């Protein structure tokens, strides 16, 4: 393929484009309809209904928030008691990349060692056992919730069995399991995923369905699966400065994403693009930093190659690998086109 | 005019519709352009430039946030020292209707008595003088900022002279003056307004230009007028859970609103509609709760009339007036149509 | 009486002296006994038992803290839900003189108008009724507790009937009533007091027995009357930085104060001294700012007289009365001596 | 030596006794002197002067607080900006045993790996370098202070050179170095200590001199060495609920501790007792968990032996060593007597 000068393609992140055209169209169609504010409109209701159906969780309570850090902050701080912290992987988004948003609300992130972004059920069990075994824990932060991400920040996935074990441990200690699904679609659509949305919903106490990275302009749908939405939740959302006057912006978008299976359809597309991308890199002999079955791919580039490639292809720095190599991330999304991959291939 | 059965018109609030069509069109045009995240895209830059120009404040720092309570919370908590509180009218939005969002960040709202939503310069001066006169103020919350809204929650406006006096007092005590401009356009477009956007910008230390209520789906543009944006502001926005991954959503909308004078144009339309609405009520002999020169009008309705009217016309409850009467609010906005007023008129 | 030059007497506050000699003696006697830390020693247990007996509240949970602001902060923040604030008199200590310690924990103080430091049951009922009547209260801070002080900051007292009414209203709205008893002994020992410690305990959900101002070096005994101590309270006390390693310091002092009726005995002495002081001022023709039946007396002094008197007698500035007069406070305490009053008398 | 039945000796902690007799005597002597409240009395002033002299730091600002966690919480939260966290050893008291008191104020503890309770200058430098090397650090918590303890929670000490290196790195990144001196005397009095109090003061920006564990009933003296006490510090102490009305309680005790070298004298006694204790264990063939040159000794006991010994000797559980052994801590202090060690020896 002949690559035109100046044609650059972008794999920098999964939030480089606006909304999926169908989502945008729905915003346009409904734009002038007069609606109640603060999430009390019928689009929010309908979107919540569709999500309950998709989760096979008819009793679930659904609330729409704007972004991922905001959702993590609000869910965690409203579900924890003051003396509790949240257990998370040391590499979890809440631990590292949210500017201390959890601590800002007064709660410690209790870090567990992570392997490829995941915590292990055994580590979690040992941590909880030791905590309560230690007679002195009155002077420590109580573990009040477990936070995991699906997929993780490294693109990896928990198996159904792994999730079930973590879920069982949480149940034994009566602490909720919270799944950060900022990229949930890209996890569920992966060939390696061995669980469905209803199965995931059944295994946790609260999770969110990421919209910002999966077809929306902004928006995350929080699902409380066990009739366990914190009391006066809307008031608490307001108290965090997170209640949109035009809640419709979120309701309409999620209504569109959960109509005719759009959410999973566009997620599958992103995964297909990621598989193609992997094949391209493999065929050219590149090495991966780790095996990711989802839309984020971590490739080890020789530094000079990285510099050259960056003229034509957008990607993001992840970490230094060694003196001569760097780990960089390529992300696909619903907006990635097969043509973009051809351009990438041409420059490798 | 013949009013069709079931035709209902809405004056419930100034956020019942989506975005102004030109704003939505701009979102659509730019939708698939790959852009950097977190407000680092060129639309955010251009919107900021246009705002600086409109404010005649070339050195201003501009940042986009999602909603009003969020903006108040972040501006106030990042500008105050820990031992400081914010001085505000007892009827101010931050005092009453933000679910304690300011206190949630650890700061007291120091309430001054309000008249029609406004504080008086004299009261403010006395409060500050007394605070520092009292030898015991080491055990009290230091006044660290003055918050006012323009227009106020009651639709009223400060005159240029009133603002200048308040500004001078703040200057004397070296505390910033923050103007909540959730409905800024509707204030500046009022016939009673005797100051311009540049004049307002010059009189305060920080203010915001409301988008949510003036043509945008969501979004407020914070303007730090004196090179006084708090250090690492973006990190602090993130820490509050308020940093949008797709910052473009805000940048593109404000870019549209500040192109070809759209923001003021649609604000003037809302004011024109409000003037018409006032005339209609006046001609029918209704009384107003107070004189409002902006887009919110507070009318005293006899309770039975209120009940009947609510079948055909949307408005919002404000407060009980007496046993037989109620104060209700009618809000116009950029989306109010002359036809809506005709329907209203027919039912009065 | 002949007053010696340089002999100055002090009525500045009720915390000008150290501990009552019996309290200090008890600290000395027990000083070298090895004891467990963090309030787990037998003196803390015994003091708690004696307090339960004195309150006729065998099920009460008792915890010792160091000072008044700390106690208010911890009791209020651990009993409120995140979306709740505390209702208090605008002149209440938590509203005005604690440097925003309540707001620092994220909670608003919802101020009611005060008369001589007291709130009225009717105002409280109206406030709560209006709050829940207003359909929009989802955007407001929920009233989650009522705080009153006994005696108030102005030395005044609630009657048993007044307390019972406030208690009944709290019960109806299912919010706890918290009584700040920083000067509790001086209230109960007043001739105007028409209730006993057990009666006060029965009318509220939590209160504290002030030690700092009534015979101790430091220390307040918090009494949760209804088996309602917040979960993991000790952990939360630690989290506030308020858990003393040598909890004995508080336990031993309260053990002494509640042995052989010492607490009430020394409280009665302070009241006797206050009555004497009042008589002296009255006989000399001075006017009082308000009628206080407890140990704090608010006298209106002519400014020149105030200046002269301050050479020989300590008191504290309260507020400006008019151009020529000032309100000052004289406080008696367990440490006030009859001789001190004679000196005062000589200089009036 | 014949050990009497029921005679038990205690090494559970360094806060099992009350105050050193000279400290208590001073409290008694000064008890009835009328003094100003809130730390404004002459004993506080004199104690501060003596501390400045002892630190050879004439410009230092000194403030007295009640306990260690409180001091850590207040110093850290008042010196950090909102977007900053404190760097500390993963085993540091602020990380593990303060019930989340730091996070409660909104700040993350950024944990570094610890060796025997100490962080290494190299690890600190790498951490800071990497933080600023990572282009993405806008989404992370800024390191705003370094916290170390001297001695550490494991009884170990930093050498002067180690401290100097850490201090140099802090200087380079312009972040303050804070030394937790809860057991400062026991560190400085150790034979292994190669630095003096003035040298320690010169190497850090703020530290505290522990009183609670070194002769006082309660109290820690915070020393800001570089004219860097946070603005309105007393107000902030009040806001944290930590301002004692009778500040004299702290001033008088520290005045006594810093009169005639009492603080170091009793510290040396505790170290002498610790050396004796070490020799006793060594001679009986016990193994130590680690080498501690200060007053806390960590001994590995066979479980059955531990059980028997605990009948006669108090000590505290530290951690499980293996299936058959446990690590326990023996603490000496100013109140440890040579006779106590003889009893211990008899039971080993």
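In order of appearance the chains are A, B, C and D, and numbering begins at 1 in each one.
Please note the rule applied: a contact is a pair of C-beta atoms (placed from the backbone, for glycine too) under 8 Å apart; a residue touches a chain by one contact, two chains touch by 3 or more.
Quick caveat: nothing in here was measured; it's all calculated off a predicted structure.
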item	value
Each chain counted as touching chain C and chain D at once	A, B
Repeat of the C-D interface, chosen from A-B, A-D or B-C (over half of contact pairs identical by residue number)	A-B
Copy-to-copy rotation for chain A and chain D - C-alpha atoms, rounded to a multiple of 5°	180
Interface sides of chain B and chain C: same vs different residues, half threshold	same
Chain separated most widely from chain C, comparing mean CA positions	A
Interchain centroid distance [CA atoms averaged], chain B/chain C, Å	42
Euclidean distance of C-alpha centroids - chain B vs chain D, Å	51
For chain C, residues contacting two or more additional chains	82-83, 98-100, 104, 106, 138-140, 235-236, 238-239, 243
Chain D - residues contacting chain A, complex	82-83, 85, 96-100, 103-109, 111, 135-136, 138-141, 317
Partner chain D, residues of chain B touching it in the complex	38, 77-78, 81-83, 106, 138-140, 142, 231-232, 234-236, 238-239, 243
Chain A partner contacts - residues on chain B that touch it in the complex	10, 12-13, 15-19, 21, 24, 27-28, 30-37, 66-74, 98-101, 104, 212-213, 217-218, 235-236, 238-246, 248-249, 314, 335
